[in-house]
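Got some structures for you, see below.
Note that subunit A is present in both complexes that follow, paired respectively with subunit B and with subunit C.
After this line comes the complex of A and B, so read on.
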């Protein structure tokens, strides 16, 4: 059931847009395809929708192989980034469009339009031309038009990116609620990690046509599989410091030049998995502690380069070696530029990445 | 001079400039109109007669009666006896209407379909199709000779079909280019949404995209209609006896017996009417069509 993709591949000439992607979405699950632009997420969506034909691989919707099926027989609904609502028709006619083409009886069409309009709260604009609607109403019409044909799979292509920040937050909640109420299977394409993190049950992070990691938001956030995922998820993004692996007196260290970190507890894992001694220490800004005194053994001395209060938190930028390092302090944190500070890492949150392969070792 | 007076002066100058350019644009039309109601002695009088001393309708009566046939060598005012309306005198108007209408419709039909195909299914990044525009690069005289020969062989000379085909083929490339730019402005997602809803490829074009390109279609149609409407050389070489359009009739008023400026102007006034009506009919699309691309959404 749900959506099942096997070794899906799409080539445009020499360019491989999607590289052997395999993915399973359970019925009623909300899955996001997340990645930077050009990572192949929209191409994947278009192949699921039937607007593009895959070079190889297979797509199953509700256990039916749909590779050769035209879009309308795939039982899908697709909401576009720019809505693609027919401006020249009224909202009512927009909603009725798909049903009319499918030759649904008139009373059934009216019944469904009533349901959908009520559900999406667009009942009052049914007779207006779509061209004159507000963006969020347009968004609802676009969703309604896909919803009305009762698709078993709902595809959304960056549906919120044209809205302003406040409206986006509202629609995010509404979309999620809608999905829960209808127990709708959803594949949601976005480059906005916030949308992906807040709405999805699972996230498929993609880059350069390849699936990087497919897991729940919390696993993706706390246990990224490789440097790309670690870097892409989280804002401000993770800190990376080039280190080399050193052993001394039976202990293991990460030597970053200006400091070294005792990683004896991971000694065996690192030794077994790292392909070379070049490693990257990675840590999220919120897992960095800023101190006024070197109260811990491993505190690293630095100075404040920039302070950016963002309300609940304060982003503090400090140089370490020749790289800038970001830490997330409490909202009330105050410091002058140039102040001497010491920082320490929260040990369980430290990740070690193999520089050559990019995969996370610890 | 303070800011207030300067502001007034600037807007005054602006008005003067606008009124002046409006006068420049309107003057030829005024001249044609006034000539059409002038008596023959005032047509080309020196000094020029700016306002007809006694407005008359004889020039209109002249072109819509058979008087012309009888007055070669005489002045139209001498032929009052023959000034009764004759349907046959309307032939140039009807011919012009028939040729321009069908020429425009065929060009719009073929050009719009090909424009859509080029806009949607053309290779991305491929150079725009200049080929169809190429024969518009020649001066029309250069291609008309082979066309005359071809038409002679195909027995299309002096037939409505022949001239409609000529108009349609000459204007199809323009339709193609204009409409392609309109279609390019319409997001592909409109087609895709229609296809997802179960439309065929043609259905997506016809129900989804075409209604959105209505403004473009209207403007293109008007443009092509005016082109066809004002064609002279085509009918001159390919028509003449059986097919007589307004421009051709106009030329007839220049004869060895003098130039009949009054009837010419009257015919000119008549020739203005159909494009004008067409323009008013599609007025609501015109502004949108002319500014298409400048404003989005």
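After this line comes the complex of A and C, so read on.
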């Protein structure tokens, strides 16, 4: 059941847009395809929808091979960024459209429209023409129009990107709530890591047509498989600093030039897995501690480059070597540009990345 | 390096009032942010300062000099737009030299000026490249550089970062603020993004329907909003609001919100300012403690609607009295859709607004 993709590949001339992608989405699961533009996420979605034919590979929806089926026979609902709502028709007629072409009886149509309209809170605009609606209402109509035919699989391509930040936050929650209540299987395409993190049961992170990691938001955030995933998830982004692996007196160190970090506990893992001595130390801003005094051995001296209070948190930017480091401090944190500070890393949160392969070693 | 003073400024377009009797003083060398929704009048305000629009009423002073009748080209003000307005097929040098050529500056002086500015923006190495081949951040710097070569006294920026992707926006935020510090120029920056306004502004103003709501340092707007509009505009996730009415009981004053009451007797003095018993209770998500079990200080019980993991933290959407409130989950807290949990409002961090006037009364 659900969606099952096997070795899916799509070539446009010489360009390989999707490279041998395999993915399983369980019934009732919310899965996001996340990546920067050009990563192949929309191409994948369009192949699932039947708008593009794969170069090779198979797509199963509810255990049925759909490769050769036209979109209307795939039991899918589709919602795009630009709504595709009929502006000249009323909301009611927009909602009824999919059912009418399926020759659903009139009383059944009316019943479903009532249900869907209530659910999406567009009951009061049913008689209005879609062209006169607000953006969020329009998006609700677009969702309602797809939802009303009770698709096995709901496919959404950046449906919220035309809305402003506040509305996007509202719609995010409503979409998620709707999906939970209907136990609807959803594949959601987005380039916004926050949307993917907050809405999905699992996230498929893609880059250059290849699946980078497929797991729950918490695993993706806390245990990224490689530097791409580590960098793409989280805001502000993870800090990276080039280091080299050094051994001395039976101990192991990450040498960053301006500081050196004892990593003896990971000595064996690093030796076994790293392809060279060039490593990258990676740490999230919330795992960097700022101190006024060098109160621990591993404190690294720096100075404040910028302080950005953002209400509940304060983002502090500080140079380390030739890189800028970001740390998240409490909302009340205050410092002036140029202030002398020391930083330290929350040791269990330090990641070590193999620079050559980009793979996370620790 | 100039002070900007606006006095009783008004502007209407075809009968619609866009700027309404606005008085504002922006200090020299200040990074001043104007925050408001699209349509609030931000761009019009900047254009009035630049002299690109003429006000119907009121005065504009640059450094105590009345400039009402001074043409835009003689105001010594530079404006940077969201779409940057660069010539894509020309080189960086040509773009930056353009305003000087128009002013018929001698060649050597022009060359020196452009080079000096390019150096200060770290784009010296790009001078011979065509604009079309630059990254978003580089283009941004060229646009600023083109404004800088004229050595204007005031920089007006109209959502200059909105076309950049999220990562770059974060980086440019820091760079712009640093640049302003180093130049020691007055920057007036319009944005719909509360994060930008709070993180960059030395002071900021919130604008709604052409009227200033509150002008102060970001911290004061965040912690002591003057009215419900400002309270709701700043902070992400936004402040929670609940309607309630005051009633007396055994000599105590209680705010009855429906499923729970809050004792507000100690705000007795402040409550005299309210125009009626109908109030709005406001509380920020970070000032709500979520617990599994009901405790002695619990405010009420709620149902978990949506769980939004952000990676480092988790936002819970909780159903109370038919509405939703948002709270941060404590570290390690596990919750799923439908769970019953308790919340505790920090009694020292609640806000009260008059329902009629929307003014803060605490």
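Operating definition for what follows: the second predicted complex is superposed on the first by the 362 of 362 C-alpha atoms of A that agree within 3 Å, B and C clash if a C-alpha of one lies under 4 Å from a C-alpha of the other, contacts with A are read in each partner's own complex, and residues count from 1 in each chain.
Just so we're on the same page, contacts are C-beta pairs under 8 Å (C-beta built on N, C-alpha and C of every residue); 3 or more make two chains touch, one makes a residue touch a chain.
Small disclaimer: the values here were computed from a predicted structure and weren't measured.
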*Judging by the criteria at the top, classify the pair subunit B and subunit C on subunit A as clash or fit.*
fit
*Is A:264 in contact with subunit B, with subunit C, with both, or with neither (first, second, both, neither)?*
neither
_subunit B versus subunit C as contact partner of A:346, first or second or both or neither_ = neither
*After lining up the shared chain so the two structures overlap, which partner does A:236 touch, if you call subunit B first and subunit C second: first, second, both or neither?*
second
*Counting only touches as set out at the top, which of subunit B and subunit C does A:145 meet: first, second, both, neither?*
first
*Specify the partner with more touching residues on subunit A, choosing between subunit B and subunit C.*
C
*Who does A:317 touch here: subunit B (first), subunit C (second), both, or neither?*
second
*On the overlay, how many Å separate the closest CA atoms of subunit B and subunit C?*
10
*Show which residues of subunit A both subunit B and subunit C reach, each in its own complex.*
none
*asked:* Residue numbers of subunit A touching subunit B in their complex, please.
replied: 49-51, 70-72, 76-78, 80-89, 97-98, 101-102, 145-146, 149
*Write out the stretch or stretches of subunit C touching subunit A in their complex.*
37-38, 165-167, 170, 173-174, 177-178, 181, 192-193, 195, 198-200, 218-219, 222, 234-238, 284-286, 305-306, 308-312, 315, 317, 324, 328, 337
*Of subunit B, residues touching subunit A in the complex*: 187, 189-190, 192-199, 203, 207-208, 211-212, 214
*Tell me, which parts of subunit A touch subunit C in their complex?*
36, 164-166, 169, 172-173, 176-177, 180, 192, 194, 197-199, 217-218, 221-222, 233-237, 284, 286, 305-306, 308-312, 315, 317, 324, 328, 331, 337
